[in-house]
Amino acid sequence: MSTKKLQVGVAGLGRMGKRHALNFHQNVPRATLVAVSSPDAAERQWAAENLAPHGVTVYESYDDMLAHKGLEAVCVASATSVHAEQANKAIEKGKHVLCEKPLGTTVEVSQTVVDAAAKRPDLKVMCGFSRRFDASYRDAHAKMQQGLIGRPAILRSQTCDVLDPSGFFVAYAQFSGGIFVDCSIHDIDLALWFFDEETTKVKSVHAVGITAVEPDLRKHNDRDNAVGTVEFYDGRIAYLYASRMMAAGQEDSTEIIGTKGKLSVNLLPAENHVKIYTPGGIRQELPQTYWDRFRAAFTTEAIEFTESVLEDKPLPVKLASAVAAVKIGAALQESMIKGNKIWFDEQGNRTEKAQL
Amino acid sequence: MSTKKLQVGVAGLGRMGKRHALNFHQNVPRATLVAVSSPDAAERQWAAENLAPHGVTVYESYDDMLAHKGLEAVCVASATSVHAEQANKAIEKGKHVLCEKPLGTTVEVSQTVVDAAAKRPDLKVMCGFSRRFDASYRDAHAKMQQGLIGRPAILRSQTCDVLDPSGFFVAYAQFSGGIFVDCSIHDIDLALWFFDEETTKVKSVHAVGITAVEPDLRKHNDRDNAVGTVEFYDGRIAYLYASRMMAAGQEDSTEIIGTKGKLSVNLLPAENHVKIYTPGGIRQELPQTYWDRFRAAFTTEAIEFTESVLEDKPLPVKLASAVAAVKIGAALQESMIKGNKIWFDEQGNRTEKAQL
Amino acid sequence: MSTKKLQVGVAGLGRMGKRHALNFHQNVPRATLVAVSSPDAAERQWAAENLAPHGVTVYESYDDMLAHKGLEAVCVASATSVHAEQANKAIEKGKHVLCEKPLGTTVEVSQTVVDAAAKRPDLKVMCGFSRRFDASYRDAHAKMQQGLIGRPAILRSQTCDVLDPSGFFVAYAQFSGGIFVDCSIHDIDLALWFFDEETTKVKSVHAVGITAVEPDLRKHNDRDNAVGTVEFYDGRIAYLYASRMMAAGQEDSTEIIGTKGKLSVNLLPAENHVKIYTPGGIRQELPQTYWDRFRAAFTTEAIEFTESVLEDKPLPVKLASAVAAVKIGAALQESMIKGNKIWFDEQGNRTEKAQL
Amino acid sequence: MSTKKLQVGVAGLGRMGKRHALNFHQNVPRATLVAVSSPDAAERQWAAENLAPHGVTVYESYDDMLAHKGLEAVCVASATSVHAEQANKAIEKGKHVLCEKPLGTTVEVSQTVVDAAAKRPDLKVMCGFSRRFDASYRDAHAKMQQGLIGRPAILRSQTCDVLDPSGFFVAYAQFSGGIFVDCSIHDIDLALWFFDEETTKVKSVHAVGITAVEPDLRKHNDRDNAVGTVEFYDGRIAYLYASRMMAAGQEDSTEIIGTKGKLSVNLLPAENHVKIYTPGGIRQELPQTYWDRFRAAFTTEAIEFTESVLEDKPLPVKLASAVAAVKIGAALQESMIKGNKIWFDEQGNRTEKAQL
């Protein structure tokens, strides 16, 4: 085993960028965080105080960071709308890339990253679907593969954020691609993973949504609660729920139902092992954010990405599946807004209505 | 309080009929089971052994049972396809009626019962939606009405039967009206109850289904796993799952998600308070049938129906909502089979596509 | 099966007496509540309003009730201090007896009931240990007998009442026999049941207690929280906790730990299947009283006692075990107050210290 | 913040030593594992393969490791019987010490470490009570300190290992100090922590034990299941259960019961967020070892110890409490073997019997 360390830069220092930067700095023994970039002065100030003392260079310009001497890999954690552009630039400069999900808000944009990566097989380019690195989801997937539940037929999955009354989600919706591309993309990726992304083909999608707490989302063609159904040609169904309205905390649950059994992941979320008994009952607290729930998964993701680069091992998640997920997510978003059910033929092209 | 007892007859002695008969016999202090009827010789033999010794008369013909001297009320627990006909005959003969769900497999047939009952306001005619009598659902409904979760916006609910490898469900599908009319009717009724059946109006329904374990269901236009979405005009969504494929037991769960909180009912089913610790982990057993799960609710239903008749009090569930539930269930079944999304206008008529 | 009904009287109309009376009246199809008695005017007033309209005669004097024409059985639900006396009188008058636990607060008093019953083998005399009739405990016991957990070696059990700040428990302690005789008697009975009361012999007991919320209990030689250990000669241990201080509700839990597995009963109490999600977490409510938790068990107890009398079948619980339980409970109470460990020889006599 | 790293050596490479070595190597960014020692050739072989390639020097002799150039701190993870001796030698050589629990199997031996540390106030010497670093226990402790449960009065805690049919525990018992000193020491430490170790004083201890699966433990004066009670002068009780016989996995649970509420930690252990639904019920797997359950706590412990040394900050756990815990653990072990209740006066000296 080499003792060499990977020189990593993080692009974007917003909510997720800060976390990725600290994660690479503190939790990935074989990586060294050498640079970060952000066009936002307040974010750079945070980095100046928290990262610069540890030898991390802080850039305003992403391009400048790419030119940082010795930089080998980039973690793209900026706004979704620039994910693809930044990933492509990094590939062009010969950097390995770990890109936050989704690659882009449309299939076309997402595909550009896959195309760019295809020209540089020497580089490791991965889209970070954090749940694939979570110990519980991995355990469930392994149990499924061992045949514990027979053939998986139905997947129910949800990504539900805690209510944020500050209006954050309205501003965020302008660039997020919408609730199905931003939240449900995780659940769609799980469906592709558990149903076998190599062979399963989407047949139809349908979605509905409401604005129960944030009517202003409608001006960005988005909703705060949405339910989607994805039908596959091999006789499987995934049905999804996404919400920005949870009162108790982050609730990301999944059920995989097979012909001989079922696996559930995180059906009753809990912050830790404590239960509180007071008048009114027994209570357990919940993680409040996606990061709180998947903190360890993000660390595993960064460690395995780093290891894959240093040891030139295959990446744990194929890049192409990120495009497949965006394709489904964007179609669900469109179905929700327009009200139509959307059909695909077996080649993946849109069609009027599939043969039943 | 009167000490008079209600003279009750039960029509049908199949799976559910036997249970209803025993329920009225053993658990309803103010009712006396006086008669039962079944066209099936084996079923009548069972009654001859188990009920006749307690003074219950066993009839082959339903009409003959209706003529039983002193009979005041009928519990219709026969095959779904004759529910409406038997209910209507009972009403015609001046008997109170507790009819198993659904009233019929179509809106038209179901409506005949409502019409018949409307002509006899002196009679109590109720469709037995058992979950409305379950202590947990009632507690959840009361908490919602107290405002604990704000305005309810999303309802997720499932009715999932344990896998029965005998092929029972294939034969049963011939007369059941299909999985949405037979199983999901409970969940639809819950949506009407929690969303306020007086004011909420269905806007669209969409459903998909598969045959993961019972391909022969297709010859009866049915499926063994189905997912449906029901959109309402007042900005609410109910999404439903029904299955005949559960490995561990009966799984009937519901979540009601509001703007300020959420209530779940039976998210992790358990047969009782026992947990079993053996190599492999900690395990809890599940009720195996719908009756096992809702046994106490069926008793409450029979007791309250009896009380309503004896004391001439309003029925706990309005008959009209049973038609509204069948309307939605039948539309979901049609959507699943034909592949179309189905729209309704605000008057409840089918339309090409609603105004978005 | 006979259709005869058992004519039952209930002695005592306090907290438990009212419940037993209503239980026999409403939930036991083969029994008829014909009489109740109470020396307390307010209690009799309650009965005059709630029971008399249904044909129940209300007596001030227990002796008068015993003389009620046609009375066949008595349920003794009065204060613990008169349990034995009333049971003995009933036996003397040739009545079957269902006596609330404990038979008495001392071994000597309890034994008088066993002796009286021994002279009348034609009568059914049972001490009502409600948990033996609870579906969960029965399921656990059956699983143990099937060998699921190997040989049971350790039993942990608790009976913990919700905090009652009214001072009720101080007044109650005067006649209850103390927390080990009043509460832990249930847990002791479980130990005798699961460890096989026919063969297991107590070797030592030790207890400590505190008054965390009710210092006035000390004047009645009682405590509000107590922990006891019971050692048996065949290499088994039961350890017990009793409390009057629970904040969230009634918490009666048990674990039976064997050489190959463990069974737990009611480790996380819940009022029903509802969970409440609000800011602060996910919450479940608890039953607030012993009766709320064991309502169905009390019904089963009354039904089985009635059936045992009517059909002359063996009683489900042997009377002698009630004395064995009081013996252990009273020794634990003494150990808690005096501070000594108490030893028994294999014949059940107290001894200085057992051979180790 | 300094970027200096602490040079750490680990003594002992058995079950726990390996884990501590890997922990310091992989999970503590501010520490560098520079040396390990073990008298066992197989253990050194493991280190030669797994640690030496990363620059870790492997020693046979502990004394030689202490002389390793640049070594600043030692983690003592060897057999309990040499904990104190190795800790004292390290202190003598001017090294900071993180010592696995317990310091020793007797109060006298444990006290020598406290005395040695007292002479070197410049050194950080800590006994590693892992549960104090567990996020759930810390959350519970913080909630208690905020007054959420009123005054804590009762603590129930258990440390229960999975059954190991290999006979490991018999051999291990020779040097472990017995089940109360080896296992329950954790629970005793929790009692001292939650009841305030500065002020609470033990009044009596009593214990019983059995050998349900490992009769050979008796030759080392040990048992495989043990129940202990610890009474404190300020009106509090801790009661403890330790076992080597769990069928399903590691079960370390704690309840802290106060005058206004209760906190439980890990009442229903779970390996992760997965539940498995198969015929027979719903199942969750358990961590199989103490390390599996407390992996993250051991990392936090090592990180905080390292930080305490590097930043010269107070240690998170006082050394003196480790002696207090051994005192109680050794007395419980004695009580279990001899059968006597053991009393202490308020000065901590043994006495015939305390004033009640």
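Order of writing sets the labels: A, B, C and D. Residues in every chain begin at 1.
Simple rule for what comes next: a residue touches a chain if its C-beta (ideal position, glycine included) is under 8 Å from a C-beta of that chain, and two chains touch if they have at least 3 such contacts.
No experiment lies behind these values; they were computed from the predicted model shown.
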Which of A-D and B-D has more C-beta pairs touching across its chains
A-D
So, comparing C-alpha centroids, which chain is the farthest one from chain D?
B
For the pair chain A and chain D, the C-alpha centroid-to-centroid distance in angstrom is 39
For chain B versus chain D, what separation do you get between their C-alpha means, in angstrom?
56
Would you mind listing the residues of chain B that make contact with two or more other chains?
149, 246-248, 260-262, 267-268, 271, 275-279
Among line, ring, star, complete and other, the chain touch graph is complete
Would you mind writing out the residues of chain D in touch with chain B in their complex?
246-249, 251, 268-271, 275-286
Per the contact definition, I'd like the list of chain D residues that touch chain C in the complex.
149, 151, 153-154, 156, 204, 206, 208-213, 225, 227, 229, 231, 235-237, 239, 241, 243, 245-248, 257-262, 267-268, 338-341, 353-354, 356
Looking at the complex, which residues from chain A come into contact with chain D?
1, 3, 26-27, 29, 53-55, 135-136, 139-140, 143, 148-149, 260-267, 271-279
